Amino acid sequence: MLWQLFVTAVKALVLILALLFTFAYITWIMRRGLARFQVRLGPNRVGPAGLLQPIADAVKAIFKEDLTVARADRVLYWLAPLIAFTFALAAFAVIPVGPDGWVVANLDMGVLYVFAVSELAVYGIFLAGWASGSKYPLMGGLRSIAALVGYELALGMAILPVVLMAGSLNLQDIVAWQQTHGYFILWQFPAFLVYFVASLAEMSRTPFDFAEAEQELVAGFHTEYASMKFVSFYIAELLHWITGSALIATLFLGGWAAPFGLPQIPVLWLFLKWAIFIFLVLWIWASWFRTRYDQMIRFAWGVLLPAATVWFLITAYYVAKGGAL
Amino acid sequence: MRGPTTVEPVPGRTDELIINMGPQHPATHGVLKVVIGVEGERITRAVPHIGFLHRNHEKIEEARTYPQIITYTDRMDYVSGLQNELPFILAVEDLLGVEVPPRAKLIRTIFFELFRIASHLVWLGTGMLDLGAITPFLYTFRDREMILEITEKTAGARMLPNYFTFGGVRRDVHPDFFKDVAHFLDFFETRLPDYYALVLDSPVFQARAVGVGVLSRERAIARGASGPVIRASGVAYDVRKAEPYDAYPELEFEVPTRPEGDVFARFWVRFKEMEESVKIIRQALEKTPKTGPYKGKVPPRVKPKPGARYRAVEISRGHLGTYVVSDGSERPLRVKHRSPSFANLQLIPDLFVGARFADAIAILSSLDPVFGEVDR
Amino acid sequence: MVAVFAVVGVAIVYATLFLSRLLVGERPKTGAKLEVYESGEVTIGTTEARVDVHYYLYALLFLVFDVEAALLFPWAPAFDKLGWLGVFEVAIFVAILAAGLAYAWLRGVLKWVY
């Protein structure tokens, strides 16, 4: 029992450090990648090709003065980055990066868990906005709730057909199903589209990045945060991007399993599939406008949700008829 | 008509937030401060505050000799620098009775329109940035760089070249000038369709712009709006047509207008203006002789006869007029600039109230104010 | 398992916050440093106003539909055991909620009110 606990702790630590490392380098990829889209170079001074830039940023952030504004609600102000960070991190615990054993927690209701945890992360953002005692963050926080009201249902309804076909809420089972029957992106293309759009909102990326719309709300919910507390938010936000992309890759693109009968190497295949979605999000980020949050809610309720519901019923009919199972 | 000058919290009212937007705000294009009251995200009140960039231009100009003043006029609307020199120069030329050679007029017109494109490119980039698209900014600045290089080759400076002068231009154009401009036009004509496709045709952009910040024709006229702002409200007012100056009478171009008066219309009008500018420059390039006089006969000491003169030009942002009063000495008695952005900014309370917070940003960037010229 | 993961995560955040505190130390914080950021100007009025949440009708509907989703999730894996009966039951369940949504839509309550 104790041994098991120890193994889990080590796994968790390794995964978290790996995630933080990924986070650090995703900032690099983000900046270099965006620079490529924008016909400029991006950070290239610290280390070869700017590879040490994330470390320089981290050191700088640690040495920043940590300010707490006088109007802030101190307890919640401190709690908010913690909530945002922890839940953003916790979502990754159930994503399998390889066969049995290559996952921190092989939950039978993994999908529900991811769903629940990523929804909880909104509390961190909203509390940050409210507890800052400042006006721009307050508006940012409210917008993040608005985004949640919009995307969450479409997200849930888009996973349902996948669960229905795979017959399990366990992510390992979903990966296994795709290995024998083919990827869900082929079986469930409409669900994939809805899920991808909705998860753009969940990751609060363009075109749904209004919660921290720089040109409108200065920095949105984290305007009043500095130093490592700000970094916690920053990490949380990019972790949503990392986790969200990994989850799409797992749900719709076969997860860690190798395609075309190539050798199975844990981590590698998930990483490559994950990179596709990381790039897609970056691409959209570099080329699109920001929507208004009321437009996003209307779009989610008027288009995404009905589409997902109809597709869900179609899938239910198909599966009940005896197809695919 | 005077509106409210401050925004104070209403006692006992607890559902309105009063927010300072600016002067240190990413989307106020410099140093505008708008104090707005919001109910949730809807704006209930808005009062613009200006003066953060006030440099006392008009008073300083009273203490400078006429040629020295040209340098100051450059620095009003610094985004379209060269254009600002013209109204002052035209007014002084009238007072002096100087004849400008046709070739100089054409050169001035070419530069005038080049700077219109440059200015609209800056507007396009920053306007897109305000709407959350981060990439166009870099693209438009790359295109603008070509214009600045052309200017640098001929005038020696990039943004504020101090190139026009009484009777023409300061020096003849660089030998590469005609080739460079033609090359830029060819290049720019391949870029424009891309901008159309990426901006005006984008459904996300249309959702943000169509029907937002509607300015009626009457309101636009009443507030003294000019430039693309009034033309997007269906008024075909353009100084280049209304009081033609320089080589404009002999050039053919259209004044694009649109009746809607919303953010989309203002964006559309500026896009069309860039197209028209390309046409104008092409015609002017053909008409301009390769060599010839570039400056008329001007006395070495500029001392206009006593009198007053008001001349206006259509800069990128609208009607820029300069009123010069001369007492016969080397220094003007009074110089007054009528700047378009200043007048257009009066529309802020009209357009902001009732809009959403996110729309306010779109509206502001569609007005395209430059604060060097608002505050002077 | 997940708890262990969360604990390790929290520990890491605290470690970095502590490290920052350790390296930078406490400095006296006075005056403008304690002011909230509002574009470089002093805040006018209160920052604790009631906020008009225009999307509250969506939020109410959201609750209904979120519970729907929560009910559908356990149903989905057990689907093969339920067969056609399950499909019909769920179809009716979804249809009732969809009718509610359609009703709200037609009544115009979901129009952006302002």
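Letters A, B and C name the chains as they come in the text, with residue numbers starting at 1 for each one.
Just so we're on the same page, a contact is a pair of C-beta atoms (placed from the backbone, for glycine too) under 8 Å apart; a residue touches a chain by one contact, two chains touch by 3 or more.
Just so we're clear, the structure is a prediction, and the values are computed from it rather than from any experiment.
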Between the pairs A-B and A-C, the one where more C-beta pairs touch: A-C
Chain whose Cα centroid lies at the greatest distance from that of subunit A: B
Between subunit B and subunit A, distance of the C-alpha-averaged centres to the nearest whole Å: 43
Distance between chain centroids, defined by C-alpha means - subunit A, subunit C (Å): 14
Shared interface positions of subunit C, touching two or more other chains: 38-39, 43, 47, 51, 53-54
Residues of subunit B touching at least two other chains: 17, 19, 25, 40-41
Junction residues of subunit A, two or more chains touched: 135-136, 138, 142, 218, 294
Partner subunit A, residues of subunit B touching it in the complex: 17, 19, 25-27, 38, 40-41, 128-135, 137-139, 142, 198, 202, 204-205, 207-208, 356-359, 361
Parts of subunit B lying in touch with subunit C, wherever the complex brings them together: 7-9, 14-25, 28, 33, 35, 39-42
Subunit C residues within the subunit A interface of the complex: 1-2, 4-6, 8-10, 12-13, 16-17, 19-21, 23-24, 27, 29, 33-39, 43, 47-48, 51, 53-55, 58-59, 61-62, 65-66, 69, 72-73, 76-77, 79-80, 83-84, 86-87, 90-91, 94, 98, 101, 110, 112
Subunit B contact footprint on subunit C (complex, rising order): 38-41, 43-47, 49-54, 114
Residues of subunit A touching subunit B in the complex: 34, 37-40, 135-136, 138-139, 142, 206-207, 209-210, 213-218, 285-295
